[in-house]
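Worksheet for the structure shown next.
Going by the order they are written in, the chains are A, B and C; count residues from 1 in each one.
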Amino acid sequence: MTDDLVLAVDGLQISIATDDGVARVLDHVDLRIPRGRIVGVVGESGCGKSTLVRAILGILPQAARLDRGRILLAGEDLLRLSQRELTRRIRGKEISFVPQDPYLALNPVFTVGTQLLEIMRWHAGAGDDGDRGRRAHRARLVELLRAVQIPDPETVLDRYPHQFSGGQRQRLLIAGALACRPRLVIADEPTSALDVTTQLQILRLLRDLATRFGVSMLFVTHDFGVVAQLCDEVMVMYAGQSVEAGRTVEILDRPRHPYTQLLIACHPDRARDLTGIPGMVASPLAPPPGCRFHPRCPSVRALCAAARPATVVETTGHEVSCVLYHGPAGHV
Amino acid sequence: MSDRVILEVDRLETQLGGERHLLGRARPPVRAVAGVSLALRENEILGIVGESGCGKSTLGRTILGIQRETSGTIRLDGRTVSSLAPREARHARRDIQYLHQDAAAALDPWWSIGRSLEEALVITGVGPRAERESRIDRMLTAVGLEPALKRRYPHELSGGQLRRVTLARVLVLAPRIVILDEPTSGLDLSVQATVLGLIRELRTEFRLTYLFISHDLSVVRQMCDRVAIMYFGRIVELADTRCLFEAPAHPYTRMLLEAAPRLVAGQDLDAIAIHGEPPSPTAVPSGCAFRTRCSFAVVRCAEALPALEPVIAGREVACHRWREIGATVVAPPSLA
Amino acid sequence: MLVLKKFARDTSGMVGLAIVLLTAVVALLSPHLAPHPLDAYESHPAERLQEPSRAFPLGTDNLGRDVLSRLILGARAALTIAVLVVAGAMVIGVPLGLVAGYHHGWVPEIIMRVTDVFLAVPQLILALALAQLLGPSLKNAMLALTLTYWPFFTRIVFAEARRLRVSVFVEALEGLNAGGLRVMFLHILPNAAPPIIVRATIGMGFTILSAAALGFLGMGATPPDPEWGLAISEARQYLPEAWWFATFPGIAIFLVVFGFNLLGDGLRDVVDPRLRRSR
């Protein structure tokens, strides 16, 4: 299983220079996305999931600096590629992106067709341009629109974004993301602006498409409920560190890391009383040493502040980064 | 929770749009609230659940008084407080206060927290400076904030803190009823838990009654005593929370409960029956508005609008076929 | 303060600020700075049209007056006109914009149509008309400029007020039963301030230019006022031999207007409530 990875993030460490100092936004993030699977990344605000997504897409801000780590797309380190390469080969083609807000992601002054076709034309080879190429692209696009269950796909291309509802716009964006047959689709909270029923339809669609097109998915969210519905595996982040990763079923049934446990316990479906997690997330400008959760952790030990706990990988592949699990049971 | 009804809403209707401007065309009118009747009991938390466009926010604003109702009555403690212009309405209903969905946006960015809080009291005409100060300090402490926070500005506070500040602003006016509009939206899960806990505490401490508007069914299940489900400006089901979640009667309620994200892995998404999208608000279907998406729709549903009928005491459904459909257990057993 | 720190990073804004401050200082201290202060009104025909020299660094004009001194003295006139006109335009325009933006119905319609009418009138034409009616003078020129400038403020404030009217915090204030005056002046106005301030700053430059134009046409300042535009008007006929006479007032106008524009642009970025910090 571990060998057939579409994306592997290894010990990623990124800092960003700000007016108030250097923000160590990501401090050792690991992520593994096996081929054909939907992996969720869950975390609260300040955990760095947006930065992680930007790092994978290669759109980090100017002030960002890569301190350490690799992002391997089928073995190739994306962080070593130039912007030109990323634009030509990777973004939109190998890795595509479904953004959060469908109301803002489409340009209101162009037709849907113009915008979606542009993606395809940009990544098409030199021979694919011209009339024949355009017709082929159009045909493929219509196929995709059918696949995302948009009614009347032929007429859709000539309509404008405002003529579609939020759920429909999200489907359009998903079609655009699949246009160039990517290996990996990154979806950044694509359903948070949608109603519950529409959300379910979109999640169902994503799952179907993943199976049908053999596409792997990275699904970033703060909603554990959605993770439970859609994702096969999930990685939990806290303040720039990955703390736990494994199959969704495992994490929900037996969360190992204290943060994961507390977080799940906060969910209204599980909460007995309403206390939340004491304390506040530390700012990336002055992060706690070692495990960044230790100031708020009910099981804190002296070792926790010494260094970031090494990741323990259990036999099932489940990973935890916590000193509580260091010992003969798992191998470090 | 007592049985005393403190707020009664009778066949409330609010139409939006449709005003004629001097030199322009009017937008087509929309019946955002299309006949809602409610009885809010003292000290209860009544949830209003629905998706976007169902009219729950408009209902909240109409009950508050900043949106004028088109028809229907509102009675506060038996006194009729409807048919008033917005400013008079707010005065007559000053026992009702409102918590906005976006806490950060609800505060003037140029005013410090303290000044914003004080302004609420100044407008209401509360006592000398000292009296206002002490009330503000007391309320800030009650919501778990340091009184020293008064000097800060909204952009310096976190989402959770802003939520508490807006709660404090509502509390300094000593309301009896608070309309909470999606109080947990935009909050992290851990912060959400703390805020909800706070809301519960405040209910006990200050004997408040809440109208809890939300689309998050998990939260509603945890917090509310009774729940009203809205669709297209009407209440389609009203019941005690437990009854609603364990045995939903209305097809829309069932659809919502099945679609809602739950903390259980391995759900079979395909087994859930969700059809179509809500129709456009300017072209509401005849009869029951939900019939275009309902698996149980029959001819009758297009002809006649189903009224809210009592099922048993305290439980109402607006569906022609609720008896035949029967109730099934939908939600998984989670809360012990 | 954070505001100054942020502003200090904007080079062009700082340049603009420097120019404006310099002009203000010169205007304030003009009688003391001018080497020949009495040249505001005295004439020395014997020294007319002399080239720039040690005694007269910018030369003399057609009546033998020191160009530099008259330039310095003219700064006071320029700034006074600018401040009075812009202040007057704001006093008229801003409240009208607030009222129009806040209310619905026929009140804003009437206000905005009237604004449109005034906007349609070119400044100079109105000034000329007033000069015909009331006689040419600096006061009438200022009146004309004020009457043609206030609509710009109304338009901006109207747009901002309309936008802020439906913002969440205004709705929250309505929930608290805040009155219209309070909402308009204590809440909408501060939030609408950034574009007003920028417009006011640029407007000052614009006014100086317009006043100079009026002076040039003889519809504004009258001789022997040391006003820059008037100076250029008088200097026309002596070009190109006595180039210094027309050139230096021209440069002065250019620099000051430029300075105000740079300052206005710099302020645009800086007037942001997020820079307010608790002390």
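Everything below uses one rule, namely that a residue touches a chain if its C-beta (ideal position, glycine included) is under 8 Å from a C-beta of that chain, and two chains touch if they have at least 3 such contacts.
Being a predicted model, the structure only gives us computed values, none of them experimental.
Enquirer: What are the two chains with the most C-beta pairs touching?
Expert: If you count contacting C-beta pairs, the leading pair is A-B.
Enquirer: From chain A, which chain is the farthest off, judged by mean CA positions?
Expert: That would be chain C.
Enquirer: Suppose each chain is reduced to the average of its Cα coordinates; what separation in Å results between chain B and chain C?
Expert: The computed centroid separation for chain B versus chain C comes out at 52 Å.
Enquirer: Where the centres are mean C-alpha positions, what is the separation of chain A from chain B, in Å?
Expert: Once rounded, the distance between the two centres reads 32 Å.
Enquirer: Write out the stretch or stretches of chain A touching chain B in their complex.
Expert: Residue list for chain A touching chain B: 44-45, 165, 167-168, 195-201, 203-204, 207, 222-226, 228-230, 248-249, 252-253, 262-264, 266-277, 280.
Enquirer: Mind listing the chain B positions that touch chain C in their complex?
Expert: 22-23, 64, 66, 86-87, 90-91, 94, 97-98, 100, 102, 105-112, 119-120, 123-124, 151-153, 155-156, 166, 173
Enquirer: Considering the complex alone, what residue numbers of chain C touch chain B?
Expert: 105-106, 109, 167-169, 171-179, 182, 187, 190-191, 273-274, 276-279
Enquirer: Any idea which chain B residues touch chain A in the complex?
Expert: Going by the criterion above, the answer is residues 51-52, 158-159, 188-194, 196-197, 200, 215-219, 221-223, 255-256, 259-267, 269-270, 272, 274, 277-278, 334-336.
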